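Paired with chain B in one complex and with chain C in the other, chain A is shared by the two complexes that follow.
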Partner chain A sequence: MDRLRERGAISLFLLPIAAVLVLLFLIPLAQSVYYSFTDYDGYSATAHYVGLRNYATAFTDSSMFGSLTFTMIYAVSTTLVITVLAIPLAVVLNRRFAGRNFVRSVFFFPAVPSAAILGLVWTFILNPLGSGVVNSVLHAIAGIGPVPWLSDDRLAQMSVIGVAVWAGTGWHAVLYLAYLQSIPAEYYEVATIDGASSAQMFRSITLPLLTPAMTVSTLLLLTGGLKVYDLPFTLTKGGPGFATHTITQSIIENGIAQGRVGQASALAVLFLIVVGLVVLAQLFIARRVEGRYS
Partner chain B sequence: MKPRRGIATSLVMVPLGCLIAVPFYYIVVNTFKTQAQTTQSPLGLPQRPYFGNYSAVFHNTPLVTSFLNTLYVTALSIAVMLIVGSMAAFGIILSKGWLTKGLGVVLIVAFLVPGQSTLIPVYQMLVKVHLVDSLTGLVFVYSAGAIFCYFLIVGYMRTVPSEIIEAARIDGAGPFRIFWSLMLPLIRPILVTVGVFQTMWVWNDFITPNVFISSPGKQTLVLQVYTAIGQFTTDWPAFITLSVIVLTPTVIFFILMQRHIVSGLVKGSIK
Partner chain C sequence: MLRSLSTTFGARRRKALGFGLAVAIAATGLAACGGGTSSADDSGTVSFFSWDPQKTMQPLIDEFQKENPTIKVQFSWAPPVAQYISALQTRLRSGTAADVFIITAENKVQIMDGKLAKDLSKESFMPNLAQAAKDTYTKDGAVYGVATSSWGGGILYNKDLLAKVGFSQPPQTWDEFLALCKKLKDAGITPFLEAVDGIPVTVAALVGLQNKQLGGTMDAQIWAGKQSFSSTWTQPLTMWDQLFSQGIETRSAAGLTGDQVSQEFEKGTVAMTSTGSWALGGIKTAAPKLNIGFMAVPGQSGTYWAGAVSPGYAINAKTKHQAAAEKFVTFLQSRTAVETYQKTTASITTTADYTPTLDPALSDMATAVRAGNFYLPQTSWVNNSDALNTEAIALLQQLAQGKSSPQQAAAGLDAKLKSLNG
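Our next item is the complex of A and B:
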């Protein structure tokens, strides 16, 4: 009797999460996969099977292919740049110096407000007209005419990535900092006694002990980069042309605004596969790297 | 030797920190200028602070409504996430059956599924049950965050000695008593950490309200700022004033919760 009551109680505890799982994951995922093989428009009663046509279109349509390309560029370059900057920053922020707490907070803070609002604010900062402080400073100092930060393809991509680096580096530095603080100080003391230089200590103590942190940080950066929407959308609306279009933006435009549910679902499924592959590849590489150091 | 090195670091890092903060200085200082003054000296301090932008923004935008909408959605979503997540964690801890083990695996997979790949079907589901363009609908969408909460909470719950639960059981307490009066108080630290972390997500989120909300009266703060950009295209000091007003609660939250934000970031990343 008691056993039975406890079993009933356990099911009651698990019921809400099971509901969330079914309603917000399992059913929608199954629908995404199903729609991706049809021409469903979101309104009609019927949907026709179209085979892999939607998947083929994802690679040939210029807006969707543009969004796939830019999302990849964004994910890879933000991951690389932020990692390269965040690790030395964390090492410096781990030292004792006057104003350390201020510097830590200032670097960390840009990750706290909404990325959408930061994107909108930066559109004004990078504007070629009167409000664009970057251009007016460049003009005053170097006499360079207005730079089209957001209206040239390459520059717009670089601007989006630049703002993302500005917003994300401090956050990831704090992540590395947490791992650095767990490295015992004795390691460095022993190394100093043995006459190791600080470059040697960084290479042989700090970096190997930071590999778990690197796994986590780069995984967050890569998956976050693939999922990105707010920042490019508010900064450039995906333009000029499709230069800074993201996969998420394509899914929303196709599936909700234009009623091409089948097409959007194919993109969503492709997206899911890419994210899944990236996570698996990352875990595989991380295991090998960590295995080499331990 | 040591203190001198500290000074050198300060001399490099403090100016660098200030450089990172320039965009924030820029937007705050320009809210106190007229448009002509900002064009003239974008980075200078105003001779006499001008408050016209603030009164214009409070006059022209339904800030209080959007603030209350955001507060309502955030508070309710976080409550739902934490309750669902901790109930699930407790259920998983109590049971030893293979079915619940399977559920645990499914939850890991679901955790890795990006919201984008379920967005369109969820949207259509909400259209069918008339929850599109409703704040309750937003709360429903955010309840998916319960899975992330579950992971952090279950990790913490495993550190609670099982003898405590056993002792309560022997004293005759049922599972619900144990959950409410014993477990929840014990796991308070993780609830605060996860709550703070998820608050930042819901409060700042743009994609969900942008997709699901269309009535001006149901906008959240972030969406309000986004729609205002059309309204203020020419009057951009008014626009940044709105941004600064909307960012203020975030700054206060950051100052009060910095410790929890950092610990949430570290714990969340280890999962």
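Our next item is the complex of A and C:
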């Protein structure tokens, strides 16, 4: 009887989170799946069944294909570059030197303002005219003419990814730093006695023991990168052309501004599947790497 | 001991459950309050969901309440465009939209098709509205919005810089305009700069000339399949492309924002730019010593202005306070309200019973705008204007970059229209 009561109490405690899950995730998800098969415009009370038309449009529309391409490029490249930069940065920030806390704060700071504000500030810095901050500096130092940072497809994509890397590296370095501080100092002392070099210690002690942190960091980077909207939108509004257009921007534009909720829902469902597959693949690889080093 | 622990746990559990229930009840109560904010119960109250901020609308509301002391206006606001559209969409869908809200180019098709606003065509104030204002929000003879102003767009020029190359009269043809730009370039002055973060004013006006040649029915003919974007837009786009192919305007315009272009113009380093009448106040504040004028965009068959009717006031089809809402909208188009609104916003009002005093730079434009001689693709397109607008901006940016041709850009719009309309 007591066990039954105990179970009942546990169930009651789980009720709020279950309600949140159902209300804020499962019901909207079911609605999105339903709307993805209709021509619902967000205003009218009725929606007509259109079969797979919205899904077919998602695969044939060039802008949506462009959005998917840039989103994948953004998610993969920011994950790789930030990981490659954040780990050595964390190792450096873990050493003792004068002003260490200040330097840690400086690297962490870009993660504090919202991405939308960073985008607006960098629009000013990367202004493609000669009066832009970067272009003025380049002209003054090297006499280089105005570089079309945000006016050329490739440069605009690189600029968006560059700003994201600049903003995210410090935050992820702090994450790695937390894991680094949990590695026992004795491991390094023993390795030093055995005559291991710094590079050997990094490869054989630091990196293997950081694999759990890499799983967390890359998962956050990948999921954040796949659903990115604010930074590219404020920096380039998705342009020039559709060069920096993201999937989330397409979903928002279709669903809200263009009153094509059915089309936006189809995109969202497809996107959920893609994100799910990517995250599963990432977790599978990360677990294998962790298993190999543990 | 076990019994005691069990009793304590039971008491704590009951307390926790009681607290949880209290929180749930309170949350339900709060949710119920939150859900009813836009719809008033009092018959003497009219709710108004504005596009303009409270600072702009409060003087009008105060004046209305002074004239109608029994009616209280409940004001709410969301910034244009996406945020406003999204909030209104959600409220209309859930039946909690305000009694009076804003109908605009971005939502008029859905509102008119769904008859979500009341037909105002029988209202006594209709003759006071400009014909272009009525046409913009009319479908099948029903008028769904009351617009009291319009805006125009043309080429804003720095008189002092143009005087250096002997400028005396605004160019009347596109070739004259290109010749003026070349003179400026030869004199070491940046002749022309405009942002391509939207459909540029020059493109809108040049396409407007095509529309004029087709009797103002160009878009209706495109949607009916009698014309296409390829047959009507290729020539204006070919002319616009000359700005880049002849080196008059930098191809970096593809990545510029309107604010960045305005800043360059305000610094006095650019002779001409294209913008709307709404930008004049900001530019004059930022650069009060700049000697500026507005000219229409010259084409092959005359000059023309870009422009559109401003958002209109609409009455919710499901309002429970129709009499109060009608009184409020009637007031918003009255001379008193329009004059008050014009003084705050410096807009080009178009109601018949009030002629605004405008900046001298706007005099030519205002005459054309009040007569309805302007064109903006986004507000003239029959449907899917936002989707087509997004596509058009991307295609024009590619054209400005030199990555596509005018023919390809126009064909791209045809393809988009075909995919949208099945």
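The rule is short, and it goes like this: the second predicted complex is superposed on the first by the 269 of 294 C-alpha atoms of A that agree within 3 Å, B and C clash if a C-alpha of one lies under 4 Å from a C-alpha of the other, contacts with A are read in each partner's own complex, and residues count from 1 in each chain.
The rule is simple: contacts are C-beta pairs under 8 Å (C-beta built on N, C-alpha and C of every residue); 3 or more make two chains touch, one makes a residue touch a chain.
Small disclaimer: the values here were computed from a predicted structure and weren't measured.
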Based on the superposition on chain A, does the combination of chain B and chain C result in a clash or a fit?
clash
Who does A:Gln258 touch here: chain B (first), chain C (second), both, or neither?
second
For A:Thr236, select first, second, both or neither according to whether it touches chain B, chain C, the two together, or no partner.
second
With both complexes superposed on chain A, which partner does A:Thr60 reach: first (chain B), second (chain C), both or neither?
second
Which partner does A:Trp149 reach: the first (chain B), the second (chain C), both, or neither?
second
In the overlaid three-chain picture, which partner chain does A:Leu24 touch, first (chain B) or second (chain C), both, or neither?
first
In the three-chain superposition, say which chain, chain B or chain C, touches more residues of chain A.
B
What is the contact status of A:Gly42 with respect to chain B (first) and chain C (second): first, second, both, or neither?
both
After superposing on chain A, check 62-70, 98-106, 170-178 or 260-268 and name the one in chain B that bumps into chain C.
170-178
Chain A positions touched by chain B in one structure and by chain C in the second:
9, 12, 16, 42, 123, 131, 252, 256
Chain C-facing residues of chain A, complex
2, 9, 12, 16, 41-44, 57, 60-61, 63, 123, 127-129, 131, 146, 148-153, 156, 236-242, 245, 252-254, 256-260
In their shared complex, chain A is touched by residues of chain C numbered 6, 13, 17, 20, 81-82, 85-86, 89, 92-93, 106-107, 109-111, 113-114, 116, 196-197, 250-257, 260, 263-264, 267, 269, 384, 386-387, 390-391, 393-395, 397-398, 400-401, 403, 419
How about chain B: which of its residues touch chain A in the complex?
5-7, 9-10, 13-14, 16-18, 20-21, 23-24, 26-27, 38-39, 42-43, 83-85, 87-88, 90-92, 94-95, 100, 103, 106-107, 110, 112-125, 141, 143-144, 146-147, 150, 174-176, 179, 200, 203-207, 211, 222, 225-226, 229, 236, 239-240, 243, 246-247, 250-251, 253-254, 258, 261-262, 265-266, 269-270
Residues of chain A touching chain B in the complex:
5-7, 9-14, 16-18, 20-21, 23-25, 27-29, 31-32, 35, 42, 92-93, 95-100, 102-103, 105-110, 112-117, 120-125, 130-131, 133, 136-137, 166, 170-171, 174-175, 178, 216-217, 220, 223, 226-227, 229-230, 233-234, 247-248, 251-252, 255-256, 261, 264-265, 268-269, 271-272, 275-276, 279
